[in-house]
Amino acid sequence: MPSGLFGKKKRALQEEEGRLRRRLAELSRLPTLPGVHLKDEVAKISQRLRELGRVRGRGEGASWEKVKLARHPERPYALDYIGLMFPGFIELRGDRCFADDPAIVGGLAAYQGRTLMVIGHQKGRDLASRTHRNFGMPRPEGYRKAQRLMRLAEKFGIPVLTLVDTPGAYPGVAAEERGQGGAIATTLACMARLDVPTVAVIIGEGGSGGALALALADRVLMLENSIYSVSSPEACASILWKDAAEAKLAAEALRLTSSDLEDLGVVDEVLPEPRGGAHRDHAAAARIVKEALEENLRQLELMKPDRRRRERCGKFRRMGVWRENGLTLF
Amino acid sequence: MPSGLFGKKKRALQEEEGRLRRRLAELSRLPTLPGVHLKDEVAKISQRLRELGRVRGRGEGASWEKVKLARHPERPYALDYIGLMFPGFIELRGDRCFADDPAIVGGLAAYQGRTLMVIGHQKGRDLASRTHRNFGMPRPEGYRKAQRLMRLAEKFGIPVLTLVDTPGAYPGVAAEERGQGGAIATTLACMARLDVPTVAVIIGEGGSGGALALALADRVLMLENSIYSVSSPEACASILWKDAAEAKLAAEALRLTSSDLEDLGVVDEVLPEPRGGAHRDHAAAARIVKEALEENLRQLELMKPDRRRRERCGKFRRMGVWRENGLTLF
Amino acid sequence: MAQRGSVEISPRGGGEKRADSCPACGAPMDAEELAANLRVCPACGHHFPLSAGERIELLADQGSWEEIATELRSDDPLGFYDLRPYHERVEEAEYETGLSEAMLVGTARMHNMDVVLAVMDFRFMGGSMGSVVGERFWRAAELAAEARYPMVAVCASGGARMQEGMLSLLQMAKTTCAVEMMASVPVPFVATLTHPTTGGVMASFATLADVIVAEPGALLCFSGPRVIEQTVKEKLPEGFGRAESNLEHGQIDMIVPRRELKDRLVQVLGMLE
Amino acid sequence: MAQRGSVEISPRGGGEKRADSCPACGAPMDAEELAANLRVCPACGHHFPLSAGERIELLADQGSWEEIATELRSDDPLGFYDLRPYHERVEEAEYETGLSEAMLVGTARMHNMDVVLAVMDFRFMGGSMGSVVGERFWRAAELAAEARYPMVAVCASGGARMQEGMLSLLQMAKTTCAVEMMASVPVPFVATLTHPTTGGVMASFATLADVIVAEPGALLCFSGPRVIEQTVKEKLPEGFGRAESNLEHGQIDMIVPRRELKDRLVQVLGMLE
């Protein structure tokens, strides 16, 4: 959540930006009438928007740049982080029901003399591994495996770390028939109930409900160049702009970058990446994640399970912005 | 468990019967030698066995008769009992995972001003319903539905009644691939953990692990003409006698009748059936089950959940007969 | 905060445009006859959508509906603009439906049983779940947990409200926590899924209910048919995602025709209390 | 009750009949070479069965094995006779395997970690689970729960011991309750499934473990291939019921070659403690 003057100022700039963009959109819809010259206003607004962009740390198309970085094929994936952070990681597989879903990996990691349960979406890098990992798009059995591992972690008092990186849950007929919606929902419920500390890190693409399913955590951290979005910019553009090619516009509008989401109070902490992005230096990225994990776990482990659970639910209860009796609540 | 003199006497008769049958089997394997006349001994043993049979309440082939009664096509099935015992029963369906398995039915029943969760194997009567119900042979999703309903019952403090009537879990490739073994095991574990009162009634065919899965209950009742067996007599005969036609012999040897199992301490109570068998009078059979249910629930509801669970596990812990340091323990 | 009285049904009767013929069987439709039949096609049983108002009329005992959280309104936290500004779309939805948002919550009696009702209306921006829907659901759940009333949710939703970005997605987490709040009492929570319930609602509170009831023919899925066809190019089987398919695949407890819905819900709740 | 020292391995070395060639790849087998390679075919990696004694040698630190419940022996509660009396079959199995039953239980150290071991031997009446197997498993679980030692079970079983009738089937319920006893502490319970593990063992404690490990190629199923072919006349797919198929279908956590088994088990247990 934004706090103090800094947050208020950010919000004011944000509101101004929104106002200007809406006006720009209105202008663009006006029919061209003889004698009416909109060019000046358009130019003025565009100028101010560029200024605001600089102030808020992004130029035009900055969100789209983040989308490309978040999807960068050399960006470290869950198993890269796991390999670098947790030597001796033991993968546990299967939902005990239908299948093992390679789009979600999970297992036990030795960590500072204790154990962690690490669960993450997993993409592939070459054609074979991409196909094997289904491009990081889980089916219901992936979510059910995640739940099984979370319950196992809870049984033995093991904290849970999730690594979020998926375009979204797989939109296929069989996945639907096996209850994709319910699988995501019950994973959310499982995370809401857990009485062990939970930390989620958005490491790449946080795509829609398929990503959120692993991110109902005590702490939600986000790597600087990751994105986290209600829908892919492409899908959003094709629905709202009726044109997938407007993905760049949608990327900006959706506020899916780490700094946007920090402003909105959606993530608790943004983790800086190595210069140029995590793909330039996997080891450094892993060190950054590990340090943040350490600090957050340290804090969480001081709390009683009840309080942790209460605060977790309290945090998600506060998500959202609405007006009530004239007041805007955030 | 047999108790007091009555139990001891029964057990002595049982042991004598076993001894005689073993001797008979030995004799039948001896080569016919000139000058050796076994006929007298065989005749003597057979005579004594008939006497014992009368004493223990069964003639030759009595077990096989029970098998036929237990499988009688007019015998009331789970939904027949439910219809007669619980007007207004609301069926709940699905495992929330893969399918709804019609071989197991379950739902909410209003009962004496409270609610019961009733779960049972369901066979079909005509060709269409038999196929639909898969002859009462559940697939993993049937067991997972049962678990879901048991957990729902536990959430709201609702006692669980199970009605057991299946030739066994379905032995198919896809059922195996979806984890038939694990599905049965986790159903057993679910029943072991439940903190609501549980009553199981063997109403027909209690076939193997597929039946037991629904019968790890505080009280296991058994209708007089039901059977409850480690394997079907046919399967047992084909494995041990190498000849499925010896099913009659196997039926006798397996001790699968209600009186056998009462002797062995496997069931807590045998419920008498209407004259000629439950198929002759469904309504009377249902009344008998309902009365027994009422009495058992009444007793169980007086106990604290912890004690109920402890006694439930304690009961199953005592199942089995072994020798230790020369003593036979039962 | 509570506002007594029955809900305002929009002048047109609360539904979307009334068809001249049944889209399922082609039978000619008389608007009044349809309304008298609970908006179920007398010829084939096709269930036409109900507005939130009609739904409340169907379920709540006469005059028992008391709406809460009435003053909650959408804000525009992202300053969202696509082809039109978000606030304009909201205002249009308000005007066209006569509703304040895509979900109304409140208390009611059903056959004299006190319940909390949460009712969605697909006409309001496709029943999309934004901050107000999430907050209303939360307050409804809180009331249910505190008063120990069971909750009945009637779902109809296209998913998250994209115009609120991640804040709308997070309503899935928020409503999940709300369901957990009810479970910890516990109070019974029954969901009624109506045509269509998809996306974020299907992947949060709708499928977390103790008992899940659906109306016949309702499309119930996470990814909609169009997304599946366009994204992964799969051919959809006959009846894909419909209530009947969901029942077969173990995802819902029962399908209940609208005429029997209220009675059935009351029976279920009565047994869980 | 504990009996110190290493297990008696039968004079023939504890395995079943030693093959002259590998049944998987046909490579000629030298018995000594095979034994030196932990009874894994050096040519193709096929895992030959191990006796309980060999298994304990493989897993327990030298000299650390202490068997418990050694005096438990099968009785004949049913007076069971088929083509031969039950007691005769038991005596034959005792004689041929040098074991007292199809499962041995006791404590051991694995890389200096105290554990409870429960090890089955398929040669003893097909590793069938009767009253003694159930009671030994119970005592092992009880010891694990009391001493807070993790438990490792090594399974190999054809299912319930038919000659004890329903009493054998009920060992599924009994061992399930034993697993629950460990879970309530909790102490970690890891199952190692070896060729073949089927029937009642597969439908009780084996699949209730916190982590399920399998040896390569092991047949793991509830209904065996022959039952499926004969009863429902289905054609079995290539590799049906094998560890590899179970892994793909989500039923087990991992497949571990015998050479790495001890290390892996210790790692897993170390992380769960």
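First chain written, first letter: the chains are A, B, C and D, and each begins at residue 1.
Assume a contact is a pair of C-beta atoms (placed from the backbone, for glycine too) under 8 Å apart; a residue touches a chain by one contact, two chains touch by 3 or more.
Here the structure is a predicted model, which is why all the values come from computation and not from measurement.
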Subject >> Number of steps on the shortest touching-chain route linking chain C and chain D >> reply: 2
Subject >> Partner chains shared by chain A and chain C (touch criterion as defined above) >> reply: B
Subject >> Of B-C and B-D, whichever chain pair has more C-beta contact pairs >> reply: B-D
Original post:
In angstrom, rounded to a whole number, how far apart do the mean CA points of chain A and chain D lie?
Top reply: 45
Original post:
What is the distance, in whole Å, between the centres of chain B and chain D, each centre taken as the mean of its C-alpha atoms?
Top reply: 27
Original post:
Between chain A and chain B, what is the gap in Å from one C-alpha centre to the other?
Top reply: 53
Subject >> Multi-chain contact residues (two or more partners), chain A >> reply: 96-98, 178-179, 182, 186
Original post:
At which residue positions does chain C touch at least two other chains?
Top reply: 207, 249-251
**OP:** With chains as vertices and touches as edges, which is it: line, ring, star, complete or other?
**Re:** other
Original post:
Which of the chains touch, listed as pairs?
Top reply: A-B, A-C, A-D, B-C, B-D
Original post:
Inside the complex, what are the residues of chain B that reach chain C?
Top reply: 88, 90-101, 108-110, 115, 141, 145, 152, 155-156, 158
Original post:
Of all residues in chain B, which touch chain D in the complex?
Top reply: 14-15, 17-19, 21-22, 24-26, 29, 169-173, 175-182, 184-186, 188-189, 192-193, 208-209, 212-213, 215-216, 228-231, 235-236, 239-242, 249-250, 253-256, 260-261, 264, 266, 312-313, 316-317, 319-325, 328, 330
Original post:
Which of the residues in chain A end up touching chain B in this complex?
Top reply: 96-98, 140, 144, 178-179, 182, 186
Original post:
Which of the residues in chain D end up touching chain B in this complex?
Top reply: 71-85, 87, 130-132, 134-135, 138, 160, 162-174, 176-181, 199-200, 202-208, 220-223, 227-228, 231-232, 234, 236-237, 240-241, 245, 249-251
Subject >> chain B contact footprint on chain C (complex, rising order) >> reply: 183, 186, 188, 207, 210-211, 247-254, 264, 267-268, 270-272
